[in-house]
Amino acid sequence: MRYCFLAILLIAGCRYSAEKPDPNDTVLYSSHGAKVRGLDPGDIGDTTSTAIASQIIECLYQYHYLKRPYELIPSLAEGMPFVSKDGLAYTIKIKKGVRFADDVCFNDGKGRELRAGDFVFAWKRIADIKYLSKNWWIFDNKIVGLDEFREYTKTCKRTADVDYNSPVEGLQTPDDYTLVIKLKKPWPQIVYLLAHLPTAPMAQEAVEYYGKDIINHPVGTGPYKLKRWHKGSYIEMVKNPIFRDEFYPSEGEPNDARNGLLADAGKKLPLTNRLVTVLIQEDPPQWFLFLQGKIDVSGIPKDNFSEAIDLRRQLTPEMQARNIKLFTFRDTSTYWFGFNMEDEVLGKNLPLRMALSCAVDRDKYIELFTNNRGEPAYGFIPPLMSCYNPDIKNIAQTAYNLQNARKLVKEAERIYGSKLPRLTLAMPGTDIVFRQHGDFLKRCFKDAGLDVEIDYMDWPTFQNKIKTKSAQMFALGWVGDYPDAENFLQLFYSKNVSPGSNNFNYSNPEFDRIYENACVMPDSPERDALYKKAEEIVIKDCPAIFLTHGVAFVLTHDWALNVKPHAFAYGTSKYRRVDPVKKAAYSELLRTLK
Amino acid sequence: MAENNTLLSVRNLSTFFDTEQGPAKAVQNVSFDIKSAETFALVGESGCGKSVTALSIMRLIPHPQGRIVSGKISFKNHNILELTEKRMRTIRGNKIAMIFQEPMTSLNPVFSIGFQIAEAIRLHQRKKSSRAWSMTEEILEKVHIPDAGRRLYEYPHQLSGGMRQRVMIAMAISCKPSLLIADEPTTALDVTIQAQILDLLDELQKSENMSILLITHDLGVVAQRADNVAVMYASKIAEQCSCNELFKNPLHPYTQGLLNSRPQLGTRQNRLNTIAGNVPEPLNFPSGCKFHPRCPIGYNDKRCQTVEPELREVSPNHYAACWYAKK
Amino acid sequence: MIAYIIRRLLYTIPIIFGVLLVTFILFNVVSGDVSDQIAGKAASAETIAEIRAEYGWDKPLFLSWDSQFINHLKNSLTFDFGRSWSDREPIIDKIKQGALPSLSLTIPMFIGELIISISLALIVAFFRGTIIDILSVFICVVLMSVPFLSFILFGQYFLAFKWGLFPVYFWPDLPLPQYVALPILIGIVAGLGGNLRFYRTVMLDELRNDYVRTAFAKGLGTGTVLFRHVLKNAMIPIITQVVLAIPFLFLGSLLLERFFGIPGLGYLMIDAIAARDFQIINAMTFIGAILFVVFNLITDICYSIVDPRVSFE
Amino acid sequence: MIKGRSYWADSLRQLRKHTLAMYSLGIIVVYILVVMFIYLANWTKTDVSFLDWNQQVGKEYEKPNKQNILGTDFLGRSVLRKTIYGARVSLTIAFWASIISILIGVPLGAAAGYFRGFIDDIVVWIYTTLSSIPYILLILAFALVLRGKTLNLNSLGLGTISLSGISTVYLAIGLTSWVDICRLIRAEVMKHKQREYILAALSYGCSNSRIIFRHLIPNVFHLIIISFSLRFVGFIQAEVILSFLGLGEKNSPSWGAMIDAARLDLPKGYWWEMTAATAAIFLISLALNIFGDALRDSLDPKLKVQ
């Protein structure tokens, strides 16, 4: 009895084999390590969901796929905005004839044409407090009249009572193809945020039709539309037949042509019929599947500290034998161990903070956890920003140096008046990745004669600790939302202290002054100079152990074409193409390798 | 002494049990014959090995601890011990049947009694289930179970002790066995029922003309029912003869002890006389005659203490294992 | 019979209440609320206030007709567990979605486990005391001593990846029987030890009874005795074991589901734990308890089927 | 049973005959000694640097070799030492979990079984409730909500205990697994209460507490031993799962954590750390299982009949 049962199992297993590729149906398989929270742009906060939704939903602007440094190009917008002299009014023309993907929410199921009003609606929705959007921070105190609208929504009893027709002065639509935004104060970064998914247009029909279920039914103008979404398992997207005419870029960086990245220049997008994204939260299966050639591209979700750092080693000969390609690229992330400047031990003790900073062997860390693919950080502005200060290391004086560290400890003890108490570093996770980081850090601090205990907690608890300023030190990082250092500087702005984004509770009037001036300036050498200045001020106060600038990396099989790593790689699947022949060849190769 | 009408003859049967303290000699070269249609009684205190003898005949010694080490059991002149398990099964419950002491636990609680009896019939007589059931009903009537038709569908826990024993008997005789082994059939029952059951057995013996191997510790029962008797003590046969011979002149001091220790009708005794001491553990039998520590005659006799007496024919067809046994 | 069931159902009321009390204390009192996590980064105080209002966390815990506890009772008993806060989905939907995958994994696992271990147990029990028995018991203990996680990791690495006997992981359009095959196999092997050992003990206890001897005395063959007489008696402990195991099938398997990408309830729970999404765990706990209570009743009814001695009076 | 031997003596004699069980016992003792040694060393501040798990003894991810029999981990620390320290975590958890659940289960069970009536109803209600919540869920729930909390025992004069990894784990396990032992004891006490010796004790006017603690508990004690010799394994395995879910001990190596590490190492082909931990768990579980069985066979009269 039992044998036959086992037999069944085995047969079930053995019949399994790689499914034959169908040449005229091109599919791009990818995997994600974190679960998809929901595809409602207005409430999206995590990168995984953004990565999915951005294939379906478009914004006004997008980043050029090939050009570096990163450059914004119109997406739904006709062209770049017309900015008034005082930088307070933005006039944006919207492409004509762009239609939402067909969806039951529209009458007769045909996708309606995109209107300027859809943007206004979307942004009012984010302002609506009853909707509890995570993304209010984007518009908070920026657009004329929008904050008043938020105040008004507070007075409403229920969500249904909110009247989205009540006018907002700062958001006007002279006609269906023109959007005029009035700002309270200059805000040059707005263009970047108009490429940021939460600012995408929403069709009011969809919101009303689906209600709270809108999270499962994204309705956008993008190149793909949602076909199947098996919760917690996989998402399948198919070509949107009525996608507007968009073509593969025909210029890029010098050697793009050599790398065959321009082979498809001028072709109509998207180049792949279907996108299948499988959700795999465990490392082993994810890696096995990639090696088996089921997943074409193995990216690394940047959701938080652990997932940003992948512990895989260099490409081994076996990998090369499998023609696996490796792309590394700088992204706009910086990771650090922040200090709570309001902590009575750390806050008043600069030498201690510096000692801690000097104690961390960044190179070793990078070798251990990022396979030599990170860059040691001494400041917070990532190297790919125009205002990056190459000299920052010398300014900071916090490079790894044990003697120095020990000296500083002595001094710190003098200031503290006695033996230093045990410090605690909060880790935003409890799993093995964090434990390994913790073990490493403990050793570093121990060598410098510092007693630091690592306190592991889950992400929510961690956030809570930070918000309540009850974390002494905390491991965290920041992934730039856009290539403007302002996005990083605001982390140290005293008006943003917890529960705001300034987790360090760092406050320095001089810095504030510079920041306030700089952040309203348009991109310019002067502004960069101010940014540098501001960073220096922060670095001198050493509010964190700046650890690494993220260098992400991507592994691909040779049949995945047009792969160019992108720091803001949202909605870029439309450029990708797969070569079925090569893919078939790979399964052959596997057989020979066995 | 094997005669032609001998149904079952046991020769030098020895059955041991392996325990942590070494082999327990439960039965040591026991020999006896059972003629057809006779009642042969095996008497002795509990733990003297009579039940094990019975189980050995059925070849139901619990394995692997227990094993028949030597001897020969010929039933209708085939040695049972040499049969394959398969052949043996055709004998069990069919030619040789057995009823046990505990009618409660010996019946399967979760099957109706009808099923349990019919099962044996279906097995041995290759009868259709329906036929088997009707036969079962007849048999139940034969063992005097009132409205058998209904009882068929009842479960053991719904019956009284006596009824259960009747069911056991019914099950045993269902295939008209030529030998019925009754292991303490009445011990668990109260006196009035005891008589009925024994009467039933007699009656059945007549009608079915089968032999009965009656295993009991109750000499009273033996006196009324048995034709021949073997008295067992400490895994061996102490004395063997016909029933009335035994009661007329018991030769073995143990037998005498047993006879004295039961209340005599008529004669008033202020106290029963008993056998001093108690039955030895099978693991540490005394040296020499196993009875000598309790024996009124031989307890300080050198020979009794050292050399074990063999079973010998003291007078014609009267065997005893005692140095002092004589006419 | 009916009266009995009703009586039993009444008896379950305090237990359900107890469960609700426990879950409430665990997830609403001890754990504290998660409003600020819902609010996301840089959330203002009033947003948080709004959220607390939305989820009813601003109400008093007990001692009020509109207290959190009363609502907790109401919602749980109507199986309306609200929406998960990590993604705004109705929890009950998540559970419905998860049930099927979980069951498609656990039920075959369970049945296979049952058949294999019981038949093995009978065989082993028959050879009790012999080398076969000792050996098998030893193997059981060996199986029981390996951590489950190790089974999974090694199984996935060798059986699926290295030797390619099975799919490594769930894959779109891959027929279900294929990708659950390996987890099922692993599950069975990992569980075999304990079960076989348990059933063996049960069987041994049965084999000591006199009726077994009677059955043999009847001339029945070993097979008949074991599979007819012994098994039916052994059913009573087995049923207890089996029926009470069924509710747990709905929980799926935490680790297996996670490592083989089966979007079941076990998976759901791990996510919930990581996200501190207490209301999901609360819902699972409650449903699990309900099932347990129900199947407890079913067990008692099953007794009456196999055991004539049991009656409902 | 040979006459003239007490129940315990006889059981122990029988146990001693069981060679396999004795070897198992040996293994268990070794584990315990190791753990005690570590604790002693920490307590007496003696230098055990040769055991310092956090010390770098080689390159990262060394295969098992001469210097490092079990290889090294990602920081070049000896897997052997980590495994040894892992024993501490696992055994501590198992130990405290057992203590807690005995302290809760036995008195409740005894009281319920002895006094019956209202007390019984309450106790039965509590444990039926708890046992109707799926075990794993219950453990998770407890571990989840207990983590990071502080336990105020000032009333007991024990001060406050802040719950970190290890204490969370054994509290969670302890608070959830007293149910079975409670049920067991209750049933057994109810049985014994009818026995003559209790009636006798009552007849010459023993106090209830005396009867419970001097007469009943000793007579049902073997059940406690048996159930825990077998339960220990479960506790150790529970630690693995909790660690996997990130609810386990963090600041010192534990077997769960080591196996957990394989999730990152195995894809890279570093099998030894996981194997070491698995082996360690395997050995102790095996020993406990065998020993527990032997113990049961020798202590439990029902099974003695065989």
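Note that the chains take the letters A, B, C and D in the order they are written out, and that residue 1 is the start of every chain.
One rule holds for everything that comes next: a residue touches a chain if its C-beta (ideal position, glycine included) is under 8 Å from a C-beta of that chain, and two chains touch if they have at least 3 such contacts.
Bear in mind that the values here come from a model prediction, so they are computed numbers and not experimental data.
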item	value
Pair exhibiting more inter-chain C-beta contacts, C-D or A-D	C-D
Chain nearest the global centroid, as defined over all protein CA atoms shown	C
Separation of subunit C from subunit D, taking each centre as the mean of its C-alpha atoms, in whole Å	23
Subunit A and subunit D, separation of their C-alpha mean positions in angstrom	45
Approximate Å spacing (C-alpha centroids) for the pair subunit B, subunit D	52
Centroid distance [mean C-alpha coordinates] between subunit C and subunit A, Å	39
Residue numbers of subunit D (touch at least two other chains)	246-247, 260, 263, 266
Residue numbers of subunit C (touch at least two other chains)	153, 157, 273-274, 276
Touching residues on subunit C, where the partner in the complex is subunit A	34, 36-47, 50-51, 54, 83, 86-89, 94, 97-98, 101, 112, 115-116, 119-120, 153, 156-157, 159-161, 164-174, 177-178, 181-182, 184-185, 258-263, 267-268, 271, 273-276
Complex contact set, residues of subunit C against subunit B	129-130, 209-211, 213-221, 229, 232-233, 235, 306-309
Touching residues on subunit A, where the partner in the complex is subunit D	282-284, 287-288, 311-313, 368, 429-433, 435-436, 438-440, 442-443, 446, 453-454, 456-458, 461
Subunit A contact footprint on subunit D (complex, rising order)	54, 56, 60, 74-75, 147-148, 165, 246-247, 250-251, 257, 260-261, 263-264, 266-268
Residues of subunit A touching subunit C in the complex	1-2, 5-6, 9-10, 12-16, 19, 35-38, 43, 45, 129-130, 132, 134-137, 140, 154, 212, 215-216, 228, 230-234, 236, 276, 278-282, 284-285, 288-289, 291-292, 294, 458-461, 463-464, 467, 496, 499-501, 594
